[in-house]
Each structure stands twice: as C-alpha cells, then as structure tokens.
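In the two complexes below, subunit A is the common chain; its partner is subunit B in one and subunit C in the other.
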Partner chain A sequence: MSVESLAVELLSAMTTAGSLFIIAAGLTLVFGAMRIANIAHGSFYMYGAFLVSTIVSSFGGGAFWVSLVAAPLIVATLGMVVEVTVLRRVYDKDHLTQLLATYAVFLILADLAIRFWGAQSRAVPTPAILSGSMRLGAASFPVYDLFVVGAAAAIGLGLWILLRFTLLGWRILAAVEDSEMLAAKGTNVRLLYTMVFGLGALLAGFGGAVVAPLQSIDTGLDANIIVAAFIVVVIGGLGSVAGAAVGAMIVGLFQALGILWTPSWAPAYIYLAMIVVLEIRPSGLFGTAEMA
Partner chain B sequence: MEPTRLPDNSSQRPGPERRYGAARAWLARAASVNWEMARDAAPVGAPVRGPAIPEAPAHRSAGAPMAEAWPTTYALAVFAVGALAAFVASRVLSPVWLLELQHVAALALFAVATNLLVGYGGLVSFGQAAYYGLGAYTIALAWLHFKAPFWPSFIATPLVGAVSAFAVGLVALRTRKLYFALLTLAFAQLFYTVAQQQYDITNGATGIFGVAVPAVLMDPQVGFFFVFVAAALAMLLLWKITVSPFGLTLRAIRENRARAQSVGVNVFRHELLAFVLAGAFSAFAGGLFIIHDQSAYPELLDWTKSGEPIFMLVLGGMNSFLGPALGALVYQISHEIIVQHLKDWQLVLGLVVLAIVLFMPDGIVGLFSAKRWRRWFARPQASGPNPG
Partner chain C sequence: MAWPGKRRGTTHLGSVGLAVIMAAMLTGSGGSARAIAAETVAVALSTTLSGSIAELGRTGLRGIAMALEQINAQGGLLGKQIRLVSADDGAFPANGVSNVRHMILVDKAVAVFGPATSAVGTAVETVAGQYRLPVFFHMANDIQITTSNFTKYAFELVPNTVMEPRAIAYYFAENVAPKAGGKRIKIATITPNYSYGRDTVEVFLKTLKELKVDFEVAAQEFPQLGATDYTSYISALLAAHPDYVFAAIFGGDLITFTKQARGFNLEKQMKILGFYDQVALRVLGKDSPEGAIAWNRAPFWTENGPGFAKFLADYRARFHDAPSPWAITGYSAAQIWAYGVKKAGSFESDKVVAALSGATVPTIRGDITLRACDHQGEVPEFIGRVSAQTDPRYGQPIYSETVAVPASKTMLTCAEAQKRQP
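And then the complex of A and B:
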C-alpha cells in the first residue's frame, strides 16, 4: 500500500474517531459524575443532526454555522428537562432501574422524532467553504473530514481546560470522587448534576450536528450510535474522558482496518476490540474497578 | 441433611451480621439446603478474599425475597390448569388470536428464562436476544443448507443455546454490572453482524423465510396448543431449577455476593450455570418462535430485541416466577393493538416503562400482592422487620 492511500485511510479513521469522541465524551462525563449509563444519549445525537437539517433547510446553507451552535443548545435544554423530570428520581436506584429509565426516554424521544421529522431520511449539504478536497501529493483529503477532526480536538481541549482550570470543572471532578462531601461543602449538587447532564447532551447534540453533512439522517441513527458510543466509553474505561479519546481512536482504526481487509466483517471488528480489551482489563483501559 | 455444619461467624464478629439480618437469614437457608453444592466449592475454612463487610444490597430486592417456594404439586396443578385453559382456548379463539398467542408463549418463555438471570441472579444481560435468535437460526440454517428435518434441529436448539452461552459467559462473567450488560450486548451484536452481513451463510439482512415446519404444527389450533404446552413444560423445569439448591444459592449470591463467597459458594460457577441455562431456554423459545413465524432474520438478534424480555419482566414483575410471562402477554397484545390504532408504540412503551420503574417496581404482579393490599387497607403493622 502506498503512503498516500495509507494516509487517506488514517484520516478517515480519525474522522470516525473524532465524531465518536465528541459523543462518547459526553456519555462518559455523565457516567463519571452521576453513575448513569444514559441510553438516551443516542437520541440527543440524533436530535442534534435533525435540528441542523431543519435549520439548514429553512434558512439556507449559510445557516449551517448558526445551527452548529443552536442545535446543541436546544439539545442541551432538552437534556436538562430530561434530567429534572426523570433522572433525578433514579439516582438512588439500582442500575437496572437506571438503564430502563434512560431506555424509556430513548423510546419516547425516538417516536417524537418520527412525529417531528417523519420517517424518511434527510441530507445536509456540506457548507461551501468546507466542501471539496485538499490535494497532498497523490492523495486527496475531503476538507470536511479535517474539520471534524479539528472540532473533536477542540472539544477535547475545551474539556481538558474545563476540568483542569475552572471551578465548575473541579466541582464535577469532586462529584465524581464523593458527591456527599461536595454537598456538605456547600455545592448545590442537584444543580451541578443538571448542568453536567446538560453538558453531556450538548456534546451529543454537537456530535450529531458536526457529522450531519457526512451521513444521511434518519430515525435509526440513535440506536446505531449509542452502541458504538458505549463501546468507545467501555474500552476507554467508564468515566474517563481521556479513555474516551483513546477508545474512539481504537474503534476508528479498527473500523477502518475492517473496511480495508474484510468489508463484510467490518462491523464485527469493534465488538471484537471491546471484548478483547475487557478480557485483558475488565474495567477498560483507564477505568477503575469501582466505577462498574 | 445436617444444616448446621457451617462455621458460625456471628459469635466472633457480631456487628455487620446483625445489621444485614435479612441477607443472613437467606444465606443460612440457602446454605443449609446447599450443602452438597458448597462442598465442591472453596473449602469452608478458606480465607475470604476482600473485606467481610457485604456490599450494599440491591435496592429493589433488599429484604424482599422472591415468593416462598411452592410445593411441586401446586406447580403441577398450575401447569395442568394452564394446559386445560390452552386446550379450551385453542377450540374457542379465532386463528388470528391463536397465532398471536403462539408468539406470546414463545416470548413468555424467553422472558421467564431471562428473569433467571435478571431477577434471580441479579445479572442484567443486555444480549439475551442472541440466544433467542440463535434458536431460530439453528432451525432455519439447518433447513436452508442441509434441508434438515424439523424435529432434530428443534431438539438441538437448547443445546446450541447452552454451548454458545457457555462460551460467552466464560468471558462476560469476568466483568460486573454495567460492563457485564455491555459485554453481553457486544456479543449479541457480534451475532447480529454475522447474521446481517454474511449473505452466503444467512441470507443477510433479508433473513430466511418459509422454513419448513411439520404440517400438523401449521394448523393454528394444534400449533398453539403445542407451543403453549412446550413453553409451559420448559417453564415448569425452570421453576424446579429456581427452587432447587442451585436456585436458592443464586438468590443468595444476588442478595450478598461477598457473603455467599465467604460461606464457600463458587460464585462464578453458579453465575455461569445460570447464564448457560438462560441461554438454553431462550434458544428453545427461539425454536418455538420458528413454529409461529417460519422465519429467522437479523432483527431477532439486535440489541433492541434484547431489551424486550427485560421490559416484559419489569412490566409483569421480576420478583415473581410467572410475572415475566404475564408481562410478555401484556406487552405483545398491547403492541399489536397500539401498532394497529395509534402508531406511536415506542412512545407508549416508554411512558409505561417510566411509570413502572418510577412508581411500581414490582410490576403488574405487584399490584395484586397481598402486601400491597395490606398496606392500604389493614391496620399499621406493629412489628415485623419489613413493613410496606
């Protein structure tokens, strides 16, 4: 294989990894802080993509940049509503109850999406400035792929700054460690949880918005993405943002390799990757045993 | 049988034991019945790994053990009444309903088998559809590739389910809780991928249709009666398993893993056996599905299909043996009705599941439990450890 085609494959793997990281980061953040495995995270992703398609189709292609901000914000609001109405009531329940509660939200949002957007699939045109491809020697990269990778890197950096240097971030990390102690120290943990969940939904919505031009948007998106996102998070270790980044790269690479080697077996690769990782490290690469 | 050969720790460490009285009572009971099982596990005097302080008990099941075991005669009576009712139903109901109930019977067995893991074992698997689908695919593939007759492959379904569940369980049971749920899901998705992508073997996304089923079973009346009785017999067997020493030990593990380990139960072996049994019975349920549907397709293996038995057992009530079967009936019938008239099935299902997990954790069966009525109508209980 030539160097150029290898580079193209690698970039396509990193594009997959980038979009997976954006959504998985939100999932793992929510799990770390609240110990909730949020199946409805996939719905937030789908809503992000649908909202972009609605905004772009009603206001024209130029509205893409507006939608990139507006869609995640709307989804974040939806997420906070879900947190206040449903999740608050199941924090102290067992994990089956929690899984079922978020699964129920997932089902409700799935049917509401069909109500709002219909069952046929939609497409969002790539914004003019990011369309086309960039030549590098014999290889050519789609510009939009580079944009997705850049967006993922920006999200990663943003989360790192948030968790490392801001009071809100410290509070989130403290809630991961010991939420009771944090409450005793005077933090409104209920509000913090709502904000963390809103942030998670924001990331899911942004993930959906960013990849909207790359794929057809239909109502099966939620079920497909949530499995992939969980695999990324589990490989990296539940609750670890850095783990989500590594997990996303592993899944992205495995998927690209799968498509390259044996296309018909490609989807199986990521499941195998997860099984192998958990067989070696039962709590994921960066996870701790008590997280499970 | 000598019930009191286990070392009595309570005299040495009185603190935690007294606090976890309910779990202790369970263990003492389970362990006394389970002496033979415990013998082949770790030696009783062996040092306990990890601290002796038990884990926090699961919220739902803490202090609320499953219904007391019935004598076998009662269970046989229930079976006989059920079979009689099925016979009458097969004469009275229209073929459309009989076909629908045939599907319900297969799903009911699937849900009851899954509850062996979720309700009795406290093991939330999100990949049980793998075995249900595998049961269906066993018959369909044998027919497609080898033109195999129905009966041998039908009888082979539990075996296929058991073997594949054994292989998956060996890996998946090394992890716990959410990791376990997601690992079982990953295995199921692996099967799903094979079924969906390997067109040469499985017909891919199209699935396999028109599988040959003995002509006599195609008759709705005979078919329904056969499927019902087969499912009921399987449930009877499952019930015997749940009240056996093995079943009691499984509950003890659910209630308090560390303590079960400390009295010498081989936790991994028990959980693996539960996983294998659930897989075998789910695969058998998948075989029954073939009689109803004569087809096997990838959606039978999808993760959303794995959610169905969990909805059913929560809907019906996971703390009773037949609750999941009742849940399957309510789930499937309301599915048919709502899909025909309202379209928004997922919306209704989601709202119902939310209502159940938030307000009635014992499901439909819980509505009829004596405890609930007592709480509403009787005078407040003066004593007793577990009011409400």
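And then the complex of A and C:
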C-alpha cells in the first residue's frame, strides 16, 4: 500500500472521528452532568441537518455559513424546551422512565420532522470555497472533509476552555461530581441543567449542520447516528469529553482499517472496539467507576 | 425536585446499554386508519413510511392510492368503492405481519400490497398465504418471494434479485466489456450488508463469469444499510484501483455515497455502475455522476404503456414532483389487482388468483404477463447512462440513453424456479 493511500485512509478515519466527536461530545456532557441517556440526541442532529437544508434552499448557497450558526441555535432552543417541558418531570424517576421519556421525545420529533419536511431525501450543495479536493501525491482528499476535522477540533478546544476556565464550566463539572452539594452551595441547578441540555442539543445540531453537505438528509438520520454516538461515549467513558474525542478516534480508525483489511467484517469492527475497551476498562477509557 | 446525581448505585452503563438496544430497535409502529362504510371493500398496504426509506414507501403508497381513487371515480369495482388501509412497518418484519393481520381480520381486507423491504416482504407473503389473500409486490424483490417462500397467492411485479443483477451483467458484457481492448477488467463492489446486497453482487459477478467477461474482483465492500459515513469505504475503493465500481446501494445511501465520493475524485479514477433512479438524480442534481451506468425498475421517460402520459400529468399536477419508480409500480400493481377482480367477476381470492395466473395485463408500464409457474411479472430492467445535465422537459437529470433488458433474458426458467419452490 502506498504512502498516499495510507494518508488518505488516516484522513478518512479522522473525518469519521471528527463528525462522531461533535455529536458524542454533547451526548456525554448531558450524561455526565444530568445522568440522562438521551436518545433524542439523534433527533437534534437530524434537525440540525434539515434546518441547514431549509435555510440553504430558501436563501441560496451563500446562506450556508449563516445556517451553520442559526441551525444549532434553533436546535439548542428546542432542546431547552424539551428539558423544561419533559425532562424536569422525570429527574426523580428511575433510569428506565427517563429512557422512555427521551425515546418518546425521539418518536415525536421524528414524526414532526416528516410533517415539516416531508419524506423526500434532500441534499445541500457543498459551499463553493470548500468544494474542491486537495492533492496528496497521486491521491486526492476532499477539502470539506478537512473542514469537518477542523470544526471538530475547534469544538474540542471550545469545550476545553469552557470547562476549564469559565464559571459555567466549573459548575457543569461540579454537577458531574456532586449536584446536591452544588445546590446546597446556592447554585441554581435547575437552570444549570437547562443550559447543559441546551448545550448538548447545540452540539448535536452543529454536528448535523456540519455534515449536511456530505450526505443525503432524510428522516432516518436520527436513528442511524445515535447508536454510533452511544458507542463512542461508552468507549470514552460516560461523561468525559476527552473520552469522547479518543473514543471517536478509536471508532474511526477501527472502521477504516477494518474496511481496508477485511471488508466483509467491517460493520462489526466498531462493536469489537467497544467490547475490547470495556473488557480492559469496564468504565470506559476516561470513565470513573460509579460509587454506590 | 430530587437531584439526579449518584443515586441508588444503579449501573449507568446498564442504562446506556438499554438505550443502545432501544435505539437499535427504533420502530415506527402504525395504527391503521379506519372509516368503515357500507358499500366499500378494503385493500391493505403495510409499508415503510418512516425512517431513511420513508420516501420509497410513501411514493409507492401515492401510486396505489391514485389508481384506486381513479377506479372509484369511475364507479368502483363490481359496484363497490375501494378503500385503501395503510400503516407503517418501520422496516420491521414483525410490524408488517401484525399490521397486515390486523387489516385482514379487522378491516376485512380482500387483497394486500407488498411492503418496501425484502425482509418484511417474505414475512408478509407468508401471512397473506395463511389467510389466502392475493399479495402484490411492487417494491420488495427478494428471489425467495417467487421461489423458496412461494405461495400461489403472491405476485412479483418488479425484477427480482436474480433478474436485476443479471440484466446489469448482460448490459456490461455487451456494451462495456468489448471496449476494454482485451485487457482484464478490474471490478470493485459496494453493496449493503444484508440479503439484497449480498445476493445482488453474487449474481452480478456470477453472470459476468457465465458471459465470459475477462475480469477480476479488486475489492468488495459491505457497508451497513443507512450508513451516513462512506469515507473509509471510498478510500478503500480508491486503494484497490478498480476500473469499475458496482454500487448496488440505493436511496439516501446512494446519495451520501455519491456526494462523499465526489470529494475524493472517485469518478475520475473509476466508472460507477449504480442504482441511480429518478429520485436519486433529482436529489443529486448537477452532482449526478456524468456517464455512470445506471439501472432503474421504472423510469418515467421511456416508452411506457397506454395511459402513462395521463398518469404522469396527473401525478405532477397533484404532487408537484415526478413519480418515483415505486409510484409507477404501485399504480400498476393496483391496476393488476383490479384487472383480476374484473376478470374473475369476484373479490374472492382463489378466483382472482386464478384469473391472474398466466394472464397478460395491460398497465401504465405496458402489458405485464404474470408467469403461471412462479407468478413473476415479465417486466424489463431499464439500464442507461447518467447525464448530469438538467433535462429541460423534466427539470432534473435523466439518462442519456436507456435500454430495456427483457425478462426473457434474465428470469430463472420455470424449471429452475419450481425446483426451489416448497
């Protein structure tokens, strides 16, 4: 195998990892702070992509950059509405009830999506400035895929700054550690949860918006992404953003190399990655064991 | 409120595992819409109306509904108005079975139209067989429907998973291989990882071999159905350096694959053979792969049967869109059932089945003969070259040349089919 091929293969793995990370980061943040496994996270991702397609088809290709900001903000608002109207009622219930609640939200959002956007597949053109490909010796690589990797890196950096250097970030980390103590110290945890859930939805919406030009946008996106996102979160360790980044890279690499070497078995590789990691570290790579 | 921190030592991993399982089973279960009227007869359609192939199921539903509305407007069948009962199976066989059973028992359906996917298709065939109701498959095309799972109540109205890949192989052997200049052709394949994908690629390669095409397989990829990220598959295809890639992926998956492949300049390095129907070309627009060899079960731009022009105009006026292959095959499926009822002079299953078995039925797709030995409709597969230019007549890209590969070339012989039947 040539050096170019290998480079293309690794860059492909990074693209896969980048788009998975953006989605998984939101999922793991919500889980870490709120202990909710949010199935509707996939719906927020799908809404991000659909909103981009609506904005671009209404205002033209130049509106893509606007939609990249607008779509996640709209989805974040939707997420906060869901938190206030649905999730607040189930925080004191057991995990199964919480899971059923987010599953119900998932089904409702899927049905609403068909009502708003119809069942037709849609496509968003790649913005002109990013539409070409970059030469790597004899091989070429899509410029837009590099943009996806860059966007994921920017999100990772942004989250790191947020969690390390801002009051909101400290409070989120404190909620991950001990939300009762945080409340006793006078923090409005109710509001904090709304903001964390909104942030999670924002990331999912951004993930959907960023990959919109790379794929067919249809009503099955929600289900198709959520399983992979959960696997990344489980590999990385529940609640750990750094874990989500490493988990996404592991999944991307396992998938790329699996496809290259034993294509017939490729779809099994991300599950294999999860099994191997959980066998070695049952709490995930960056997870800490739960105390009873 | 109680704080959802660390409570009761529940294992969070367990709940996430449950979430993964639930997410993997995401289902659209459907209640059927009912409005019982005295002088009506019900027919059943359980198909996929949600999720990533919702468009296939929904446009198929449109075609059937349009045909039945027109029949009703002309006085109905045997003096009765026809009522279509429909529900979503979410692409799960269990849902398809319970929907159809409900429609038969509660709605008193007298005939069934087939679902979108093959797995649901064979399950629905079995239920229809148990209740002895005719079932018409206008989308699902698994070869099992007319062979190992065959019941005499089933009719297959699109090319099955043997006919379709054989047709593509014939086209390839006649039009493409001779231009290779005696050089061995390198072929890579990418097909979804379930029976349709595995069967289609196997028959395609086997037929090429039978036709003495000099080729070798450079790589074989099997992505999951509904994959959203093909980049690693694309780079593996590029690394294999094939002359052609056989991409039997469809719907949103094909659009995703094509868009992602474009960035890698894949089309400059190999020619694509792909399942580009009118829906894929409409969505892709100018991103359609110029010159790709494409196949299609029911294009709208070819010579079709009587009434097709009117159907096309009616469909456009009503839905502001060109009909998908499934709208066309759905419409013709309803025509075929109605023909059977009229010929039998009855809604009774056995009489309708007897009237249709071996019959040649006029439809908007042209005359369709329903072969008596396996109830396979003798329908052609359409193959052509994608032209990425927007065709001014239709406002979207179509093929630059379209040939029909007749069923006589691609069907199993009656002896072969019957040997596989129960």
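Just so it is clear, the second predicted complex is superposed on the first by the 289 of 292 C-alpha atoms of A that agree within 3 Å, B and C clash if a C-alpha of one lies under 4 Å from a C-alpha of the other, contacts with A are read in each partner's own complex, and residues count from 1 in each chain.
One rule holds in what follows: a contact is a pair of C-beta atoms (placed from the backbone, for glycine too) under 8 Å apart; a residue touches a chain by one contact, two chains touch by 3 or more.
These numbers come from a predicted model, not from an experiment.
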### Message
Do subunit B and subunit C fit side by side on subunit A in the superposed arrangement, or is it a clash?
### Response
clash
### Task
Look at A:I275 in the shared chain and tell me whether it touches subunit B only, subunit C only, both, or neither; answer first, second, both or neither.
first
### Query
What is the contact status of A:D218 with respect to subunit B (first) and subunit C (second): first, second, both, or neither?
second
### Task
Look at A:V143 in the shared chain and tell me whether it touches subunit B only, subunit C only, both, or neither; answer first, second, both or neither.
second
### Message
Touch test for A:P267: subunit B only (first), subunit C only (second), both, or neither?
### Response
both
### Query
With the two structures laid over each other on chain A, which partner does A:A242 touch: subunit B (first), subunit C (second), both, or neither?
neither
### Query
Which of the two partners, first being subunit B and second being subunit C, lies in contact with A:E9: first, second, both, or neither?
second
### Task
State whether A:L162 touches subunit B only (first), subunit C only (second), both chains, or neither.
neither
### Query
Which partner does A:T97 contact after superposing on A: first (subunit B), second (subunit C), both, neither?
first
### Task
Give one of first, second, both or neither to describe whether A:I108 is in contact with subunit B, with subunit C, with both, or with none.
first
## Note on the structure
Of the two partners subunit B and subunit C, more of subunit A gets touched by chain C
### Message
Shared contact residues on subunit A, subunit B side and subunit C side combined as an intersection?
### Response
37, 92, 94-96, 99, 103, 106-107, 110-111, 114, 223, 227, 230-231, 234, 238, 264, 266-267, 282-283, 292
### Query
Can you list the residues on subunit C that touch subunit A in the complex?
1-6, 8-20, 22-24, 26, 28, 49-55, 57-58, 193, 219-224, 226-229, 231-236, 238-239, 251-256, 259-260, 262-265, 279, 283-285, 287, 321
### In the complex, subunit A residues that touch subunit B
37, 86, 89-90, 92-97, 99-101, 103-108, 110-112, 114-115, 223, 227, 230-231, 234, 238, 264-268, 271-272, 274-275, 278-279, 282-284, 292
### Task
Would you tell me which residues of subunit B are touching subunit A in their complex?
58-60, 118, 124, 126, 171, 174-179, 181-183, 185-187, 189-190, 193-194, 196-199, 303-304, 307, 310-311, 314, 344-347, 349-351, 353-354, 357-358, 361
#### Entry: In the complex with subunit C, residue positions of subunit A that touch it
1, 5, 8-9, 11-13, 15-16, 19, 31, 34-37, 39, 42, 88, 91-92, 94-96, 98-99, 102-103, 106-107, 110-111, 114, 119-123, 125-126, 131, 133, 139-145, 175, 178-180, 183, 189-190, 211, 213-227, 230-231, 233-234, 238, 252, 255-256, 259-260, 263-264, 266-267, 282-283, 290-292
